[in-house]
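One structure follows; several queries about it will come next.
A, B, C and D are the chain letters, set down in written order, and residue numbers restart from 1 in every chain.
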Amino acid sequence: MSTHAENKNAVRTYSIVLGALLTLTAVTVAAAGVNFGSAFINVVIALAIASAKASLVALYFMHLRHDRPMSAVIFVTGLAMLAIFLMFCFLDTLSREQVQPGLTAQAPARAVSISAIILSAS
Amino acid sequence: MSGSHTVVEHGAQEPFLQHHFHDLGQQAEASKIGMWLFLVTEILLFGGLFVGYGIMRMLHSQAFHEGHLHLDRSLGAINTVVLLVSSFTMAMAVHSARTGNRERLILLLAATLAFAGVFLGVKYVEYSHKFHDGLLPGRFYRHAGDSVPGVAVFFSFYFVMTGLHGLHVLAGMVAISWLLRRAVRGDFSATYYAPVDLTGLYWHLVDMIWIYLFPLLYLIS
Amino acid sequence: MDWLRNLLMPPRGSTFADQVDPLFWFLVGLTAFFFLLIAGLCGWFILRYRRGRAVRRGVAPTHNTALELVWSLIPLALVIVIFFWGFHGYISAAVPPADALEIKVLAKRWLWQFEYPSGLRTVNDLRVPVGKPVKLVMISEDVIHSFYVPSFRIKHDVLPSRYTQVWFEATEPGVHRLLCTEYCGRGHSDMLGTIQVVSAEEYQKWLDSGGGLGEGLPPAELGRLIYTQYGCEVCHSLDGTRKEGPSFRGIFGKPVLLTGGQTVIADENYIRESILNPQAKIVAGYQPVMPTFQGLLNERQINALIEFIKEQK
Amino acid sequence: MTAASYLTEQRGLRSWLFTLDHKRIGVMYLWSTLLAFFLGGVLAMLIRLELLTPTRTLMDADTYNKVFTLHGAVMIFLFIIPSIPAALGNFVLPLLLGARDVAFPRLNLASYYLYVLGALMALASMITGGIDTGWTFYTPYSTSTGGAVNLVTLAVFVLGFSSIFTGVNFIATTHKLRAPGMSWFRMPLFVWGMYATAIIQILATPVLGITVLLLFLERVFGVGIFDPKLGGDPVLFQHFFWFYSHPAVYIMILPGMAIISEVIPVFSRRPIFGYRAIAFSSVAIAGVSFLVWGHHMFVSGQSVLASALFSFLTFLVAIPSAVKVFNWVATMYKGSIWLQAPMIYAIMFLLLFAIGGLTGLFLGSLATDVHLHDTYFVVAHFHYVMMGGVFIAFLAGLHYWWPKMFGRMYSERWSRIAAALVFVGFNTTFLAQFVMGSRGMPRRYYNYLPEFQPLHVVSTVGSWILALGLVITAGYLLASLRKRPDAPPNPWGGMTLEWQTSSPPPTHNFETVPVVDHGPYDFPPLEAEEELAGRRA
């Protein structure tokens, strides 16, 4: 009897999650057609929607929400490493000094300062 | 050692308990930790591709935009839906295994397998279309009439990322077929269903990777 | 202390030496201090607390928070000092002064080519005025190389994908060695050059004379000079040894088998073509790796090289 | 020995090839990695011999380039990375935890066979054209050169998964198979070290996998990511490569430190000083190791900002390493120091690792690294860490657990002679290289300037002394195997669980499940110990 109730419960949860996932898929396709001002913002929106979908899959389909915390710790550590990898690779690529023959007059000294790099990254 | 091990494994009291564990609960928890660790390696394996994709897209943003126009957005969306639904059926299959519902487990595993097949079928249609148009990776790129250089790099990433993902779908199908065979044989019960659970985790990860691949490859604005 | 300095570091040729060397010596001292500390403590404990030796041991603590904090924080303070010290030197090496003299560097397997503002080009021979900042804007034609001058304490990779730069200010006239420090294949260890630091007047005179290579020399002598200075020797031996390219020994006037099967006679025209358009005819059994010398050698120099090759019987 | 041990319970080749016993897999790993070390060592001797003269001595430049590439690849991928975790760790980790096996015995065997497959692929490159890229595979050289690069990249991919499987096994085993009473802070420090190592193996190795896969695809399809001709960035390859390969340095050194943390307390008969500091510093090193890879790229065209950040983070790794060294030294204070072979090697480790670690400061610091990068200074530095550190610790561990693994004691006298030769030979070989390097001798040079010849000669002569010491080591260890088993269960008086079972252990490790009621280094009071020594003598 408890099995039956649990059954119904699980079916309902999984169905709601699936519905949300399909809705978000439709949203991301629609959002791709809208110009939010810059390509960068569009990428951020697409990735935010994807992350929302991935979180739903992880929390419900993969049971992270009710599982022992160990699984979540492992999963999040992996994502953190990926974030570090991504962050440093972008940091380097975005902050590289531009060198060209004959560009002595440019001020590469400024490019070194951290503020300039943060500006050039955005 | 291997001999005695097999004997223990098919012993009378707990058919699937390995000799070095105290009980099935401990064994299932250990295997779950192992599976999550394996999933993390998968994330970082694909992660390398995502980082490479990100840097290349930044350096060749126009080419990536132009390249993505050659992809069929609706086929990509259909495949997304197919994979999401297969994830749903897989989650339901795990639930059926946990509640000891053998018939429904078999049905849901078969459904998941079928959706996976559909996914690869659609992928096949897409790939053959690209092959026909000469939209091939790297130095095999034959498509004429691009306005910017670097579209070949986009297709390199398209093929490497979807190709590696496709291989994972295929591996998932093999695993699900094996589960199906064991389910038919009646191996699983409410106390022993760890293989279904673990394959489910793997399958959801494959789904999760596609969730990112879809907007990154098909929806570049 | 001079002998020690010469033992561990190359001579000081640029202003950077004064920034790098003090830090280097500080680190040498630090290394010696901590090594002796650890070795001394180990030795003392081993001697004093050897097994079986009657000595009052008492109960040693299993931890001591204050002590552990001390030996975490002192190294922490030290490394922060070292970081800023090193950062300071690195930053000044990364930012060339605005009035620096710019020379273009093209690296290719396995030679260094320099182009001066006047358009003059040299190979493996960089000439710079003393006491003036010189900025090198570098690019590679094939794989990654690295521009290293030990006595200037400078090094920077030369990439095939984009320009990189390095700068220095030589402190006194002299000759310095240039090495490649990014592994680039068979000739990597032969990819050497010299940097001649001369007075400003001499530099100007040299520039005005168009590099003045081998003026007044007989053609074959000039050819020999070019053979060494332009890096021909890296790939072509004179004694018949097989290197990246065919040896010059006894080739002149002889038939040469090409990839593809045809044969040509190694006459003046063939050699001339091979210098200016190296990919046109490839000798059987060799790779098409030679860079062109079009624009690098003038007619007189090409003729001199041909005369030189003629003499290698 | 009364009961059958894991070595004798089953006999025949099949019983080894299909074994799921962690001890047998560990032993198979041990012989395989030692074979790889022998091959890498022969290549090293060839390199040193070639460098005896400034120009050609016995091989041409192409051969030399292939020899040093293979030396690096074999030593790193086939010896150092698997040696301590997969060989010694496999054998002792379950014993230390009081477990009957690792969590996934089949995965463990799969790891071994992947190792064998990867090793065979890598060695097959020798007869299919060789590989001359250097073990670092820098693009675009590696994408444009000929030879067997494709084969070796696939080999590295396979070897990576072998390493990952070991890591997965160790983490699951540590979490789930500890004996009753074995709380986290009663675990021997070797287990902590292995645990930290496994974290890095799992988090870093997949990136190596994708890097070599992309390199392979770059060569086959011209993917374009690392190839400047197609719009790619060769410096990005270096990020990919070092994201794995710097943490890999800690995959190598953490197990070495883990062994030292076992040996020093046992042979000093003292609880280790600062247990928690050592345990946490292992995990701290594992964490920070992911943030420092860019210090290999200070002159590569990486941005100044990235270099500065990486330099700063690099220095942070120095702190936990320094803490460990001070803790080990402090453990010896007021101990009862027994200078047997494992302890001799442990002290040798302290001295050599101190030099290796301290010279790392020169390379982490931006201004000095510019001068020293890619010179023999770097070569000497990493040999002090990899060989003076990891390999010497491996020898300490091998001598420590040899009686447990094979049930035989080796000749203590010969071990001292060998250790002395190794110490003298090693320092002669590599101290000379520090001097060459700081004076501007670049690495990977086939020809060199005549002014460096005296130092090269010293270095080569040192390599002969070192080799002699290692040949003697191999001799007395192998000789001990021909004797009848004579090792007592606990020859060193250790308190950890592997010494509670017979030497060699039975197939299922323990006759009864051990229950842990004390810490790993809670030795009985010293007076009793001294008495024990008197009786034994």
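Note that a contact is a pair of C-beta atoms (placed from the backbone, for glycine too) under 8 Å apart; a residue touches a chain by one contact, two chains touch by 3 or more.
The structure presented is a predicted model; accordingly, all values stated were derived computationally and were not measured.
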item	value
Top-ranked pair of chains - ranking by C-beta pairs in contact	C-D
Rounded Å distance between subunit A and subunit B, as computed from the means of their C-alpha atoms	19
Centre-to-centre distance between subunit C and subunit B (centres being mean Cα positions), rounded to whole Å	49
Approximate Å spacing (C-alpha centroids) for the pair subunit A, subunit C	44
CA centroid of subunit B to CA centroid of subunit D, Å	35
Per-residue multi-chain contacts in subunit B, two or more chains	29, 33, 37, 40-41, 43-44, 47-48, 51, 55, 59
Multi-chain contact sites of subunit A, meaning residues that touch two or more partners	70, 77-78, 81, 85, 89, 93-94, 97, 112
Multi-partner residues of subunit C (each touching 2 or more other chains)	91, 94, 162, 164
Touching pairs among all chains present in the structure	A-B, A-C, A-D, B-D, C-D
Sites on subunit D touched by subunit C in the complex	61-62, 65, 132, 134, 138, 140-141, 144-145, 228-229, 232-235, 268-277, 298-301, 304, 307-308, 311-312, 315-316, 318-319, 322-323, 325-327, 329-330, 332-339, 347, 350-351, 354-355, 358-359, 361-362, 364-371, 373-375, 435, 438-440, 442-449, 526, 530, 533-534
Footprint of subunit B on subunit A - complex, ascending	3, 6-7, 10-11, 14-15, 17-18, 21-22, 25, 28-29, 32-35, 39, 42, 46-47, 49-50, 53-54, 57-58, 60-62, 67-68, 70-71, 74-75, 77-79, 81-82, 85-86, 89-90, 93-94
Residue numbers on subunit C that touch subunit A, as the complex places them	91, 94-96, 98-100, 102, 104, 135, 137, 162-165
Complex interface listing, subunit A residues touching subunit C	97, 99-102, 104-105, 107-109, 112
Residues of subunit B that touch subunit D when the two form their complex	1-5, 18-21, 26, 29-31, 33-34, 37-38, 40-49, 51-52, 55-56, 59-60, 63, 137-140, 149-150, 152-153, 156-157, 159-160
